[in-house]
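Consider the two complexes below, in which chain A is the common component and chain B and chain C are the respective partners.
Right, the complex of A and B next:
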């Protein structure tokens, strides 16, 4: 952890740890309180309309987030090998395979694996992998799998796509009513949506503070402090936490405190972090005065739920997220970030695990460079599996890139 | 195609189809100068819509493993890389356009790249539902199909109506009927022959295909010989751009009696469809909803495994070869439960990972050991 100290630690990190520890403790002990309180536990994909589950008092747990935890705990390679021995290819998403490994051999996994689910909810707005992954889980546990099929949007969101998603949400609602023996509480749903929106607004504010020069946050800060918006979206705890963080970041800006010593270069990051080497990797940049002032990944959670009927706004928002959009849309997003954050360049993590994120990066890179005139670097790695991280070539590329910028 | 028994020579329509299969759509301009071709890559692209707009659907197939196009990283399947390379070298220049039916993450990305790097105006999309039996899926797919039809009409400079759709539907039903007859002869015919004949129907004008196949079938029925002591196998897998694997199975003493590949019989299966009234578009869409699913779609957790087990039993397959293209996620995922299910049903199963459609030395050794163990 000595590497971590090179960054100015946010005081909020303590509150973050408390929030996350509490969440995982609650999840681990679900077997004691879940049944008596009639609150089932669901495994949920990161882009699923979790507000619906929360309105039914279902406790959500996130295998993708757990995939990141496995990676920072150096457990991914071992868990992937367990899945590989069972026939799953090493080329598949390492969040999925390490998680499947943790299901097969919990003893090898952090916290002895995630608490067992009563149901599964997958939304394919982020990738096709989640469908196959959750099918495998549904077969393994023999429990209900709910899928929200959010059609990919080559262009704008269409009425018929929205109507299709809405119809599925209604159908899933009816199934959840049967499963929990409760009627949908519309007020509670509206409340969860409102809480989500509050969190999203705070997260947006926090991110926008990084337009300041020097930036109060660096990439790894964003990656670490995104945890609550992933797993506690739609709750009061998340709102409370992000208020603390917002206040601290605001103060940093007011006092001109920078995230890294001597910010000289401002960069935009694209794709999931390289969890297995998070601090080591970003240190290559920070020690040369390069700060990641914003990114597309943690920005993915800036998704305001439109006002109006909550169910409709869930359908609209969750179908429109950036991973469900064309390269054109995604290029536009990075172009805007480069401009709004006054970035000098951008770095794309070509992430072997995540094809929908990564396969289009080269055409996006070209377009962004054309339109903004700033250079973009691609580094090939994997978000979780350290076996796909080759330090030397990465270091050389990064060095060469930063030299052109300074 | 690899060598065929002498007894299959001398049938001219058969030669034509084999030639088309070997060409995979190359030289189409010189062979069919009056036709306009429209490219597609996935069996979920409703061919009837292309036909109704007066164009010929052409399945885009890579020639062999191509050089890597700069737009795609190394960890991408060779189907996407190969086709993009061909496009960049101008092989698809004369197409009216290319249609992407959304299937896997790779196809989703390739569609976007195609639009950016190859053809901004004539790259079309249809996004079929992934959960084919989800509430509202059919209605949604219908609108998607209708929109695509309109775009195809614009491309072709005409407005396809119900009659065009009806004609296209009838033509495709006829082709599927003929393909079924051919598929049923599988146990008695060389595996690579059937595979080539089925692929020919995806790379040449459809009316010509139907007429030619119709003439070939009586000849094949006459030639059909018992499989003797060949090992009956089921092959399941993705797009295969040539017959190398089928030929190899044959060479090593096997016979493909059941086929579930994208370019094989799965492309042609005509399921039983409940009445769709007299709306041809609805009838077309229903077929794509009901046909045997590929791994990137879902119609219930066990639908695909049930189908494959039934198919294996019907055809008395004793072994199954599950082909996975390197870096193809959906097929790699499904290989696990499919293998498990077929093993439980008493079949021997080999999961074979191939770079492209070609089986190299190492795979040949594995295949040989597998077939010998039967």
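Right, the complex of A and C next:
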């Protein structure tokens, strides 16, 4: 039975690998082409307004995605230990600690660490950790750090908050003009924003295909195929890739092809994946006919940039991302997903590393259960650090949860 | 064709085996330390029960395994102990809506629907605080038997505070209470209170609807039971044999599968 229910790989995975290999090869050879082409390299947080950097021809690299790569390559624990030996607490985010470890001892890290940055851009719309993490990096490399401070939104985005973020983006623009010796190219910025929007629309379409029963994609598919939207948002390559994926997923729906054999239970996932055990973990569900038809995390990249002045649109969009919003907003989000995707239950990963994502889950869980009537399970683990994952207790909870659903 | 149904609960510390007949009547039970191979222990216990009742393997119609060793035990089906616990308790107490189960390595709160289906549950995280193992370690530090903890706690005049949630750190706290000359009953009461408060806080995740049943090996400890009643502000029902209720649930499932 478990043989039949093995992971069905998408044909697009080949194109995905090609796209990502090209991006990382280009990044790691930056030292050869960066200077002659006058294109600096920036390390940026996942929720930073990357379109602005791209309009200055700055090449962005993502330490958070690299944290996930370290984890799937079984390098996280070793890298965290390097940082911990230097005094970083074991209670810190494992993306931050493993990445700092990779800076200290690149020999232990996949691809021998990320290519050295010329500047840093951190936006605290995803968490507060990024500020201290990037400050540590700025001290280590002695390079400029730009920070976008997005105020937390207890309710709707206010004019005041938007104006505050917009002011900062203008300041950063002036600094980038000095740093690169170029003026802001508004046309290029508008072009990057348009490309981002194209990618976002494709990703949205792909995700919405999963409303079909059976679902054409399962959780791990979403997590693997989100890679380009993280690092190549605002580029033509990302658009090209997601067209291939969209066509394949559409075909799966038209032909009634399911992500897992014998879909019986439809679930919603909340929080980042458990990268260290990605397939093993999701197999506990798929072998019992449970499919994760949608999730809140990869859905975080479905953020359309509003029309109008591109700079204002960046301020609005990047301040309004879901992790920067109230528990009410986030509960509503899961309630809507449960209804729209006809889910039978939801699973929340209480992620030791990611406090802003995990801290309010119990409140959200209760509200969602109350309003939808479907049960929710909390699983304790860590997105990257395998030392915080205990398989037996997790298996026990997962089995009990699925028994209540069947 | 057999007419008896077997429930095997291979727990982290103890293995429990229960035999029921076609009328759900409990005809035999046996328990033993799980040790290195819970599976072998279970087989030995099954042989014991069968011979005590003058039966042999042919009389067994179906077996359901539960507990940590469930996956490797040869049975018709394996079912998680949360589902089995709910089944067993609903059979013994039809009015039960909440189950508090404290076993060897985990503690859990299960919310029941009428009929014994699981509505929601909460479990301790990757930590032994609030479990039977915690009590064993503390009994060891105090040089008392686990079974005597309840009676000792009853003699306490002023409960010692054990604030650490980590089993190892809590043991050091106890050692410092001992060296400070605190009376043994007060320290024991502190240990029981520590387990109770940890488990009581879990009920806030599932809600606490009466009747509340306290089960698992630790339910035999009157010190923890009375501390729990104090924390929860409600009366607890205790099964006559609290360590075998999950195995009983497994045996009842075996009977249902067979029909």
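In the analysis below, the second predicted complex is superposed on the first by the 401 of 406 C-alpha atoms of A that agree within 3 Å, B and C clash if a C-alpha of one lies under 4 Å from a C-alpha of the other, contacts with A are read in each partner's own complex, and residues count from 1 in each chain.
Going forward, contacts are C-beta pairs under 8 Å (C-beta built on N, C-alpha and C of every residue); 3 or more make two chains touch, one makes a residue touch a chain.
These figures come from a predicted structure and were not determined experimentally.
Chemist: Using the overlay on chain A, decide if chain B and chain C clash or can fit next to each other.
Modeler: fit
Chemist: Who contacts more of chain A, chain B or chain C?
Modeler: B
Chemist: One more residue to check, A:132. First (chain B), second (chain C), both or neither?
Modeler: Only chain B; A:132 stays clear of chain C.
Chemist: Draw lines from the C-alpha centre of chain A to the C-alpha centres of chain B and chain C: what angle do they form, to the nearest 10°?
Modeler: 70
Chemist: Is A:164 in contact with chain B, with chain C, with both, or with neither (first, second, both, neither)?
Modeler: first
Chemist: Give one of first, second, both or neither to describe whether A:78 is in contact with chain B, with chain C, with both, or with none.
Modeler: neither
Chemist: Have a look at where A:363 lands relative to chain B and chain C in the superposition and call it first, second, both or neither.
Modeler: The answer is first: A:363 touches chain B but not chain C.
Chemist: Taking the superposition on A as described, I'd like to know which of chain B and chain C A:397 touches: first, second, both or neither.
Modeler: After superposition on chain A, A:397 lies in contact with chain C alone.
Chemist: On the A-aligned overlay, A:380 touches which partner chain: chain B = first, chain C = second, or both, or neither?
Modeler: Both chain B and chain C are touched by A:380.
Chemist: Which partner chains sit in contact with A:144 here, chain B, chain C, both or neither? Use first/second/both/neither.
Modeler: neither
Chemist: Can you report the least C-alpha distance between chain B and chain C in the superposed arrangement, rounded to whole Å?
Modeler: Minimum over all C-alpha pairs: 5 Å.
Chemist: Take the contacts of chain A with chain B and those with chain C, and give the residues found in both.
Modeler: After superposing on chain A, chain A residues 362, 380 contact both chain B and chain C.
Chemist: Which stretch or stretches of chain C touch chain A in the complex?
Modeler: Touch residues, chain C against chain A: 68, 79-83, 106, 117-123, 125-126, 205.
Chemist: Can you tell me which positions in chain A touch chain C when the two form their complex?
Modeler: Per the touch definition, chain A meets chain C at residues 362, 369, 375, 378, 380, 388, 390, 392-393, 396-397, 399-400, 403-404.
Chemist: Contact residues on chain A for chain B in the complex?
Modeler: 86-89, 91-93, 124, 127-129, 131-133, 135-136, 138-139, 145, 147, 149, 151-155, 158, 160-161, 163-164, 166-168, 170-171, 326-328, 350, 352, 355-356, 358-363, 367, 380
Chemist: Residue numbers of chain B touching chain A in their complex, please.
Modeler: Residues in contact with chain A: 70-76, 80, 100, 102, 104-106, 108-113, 115-117, 125, 127, 129-131, 134-137, 139-140, 143-144, 295-296, 298, 301, 324, 326-327, 329-330, 332-337, 339, 351, 353.
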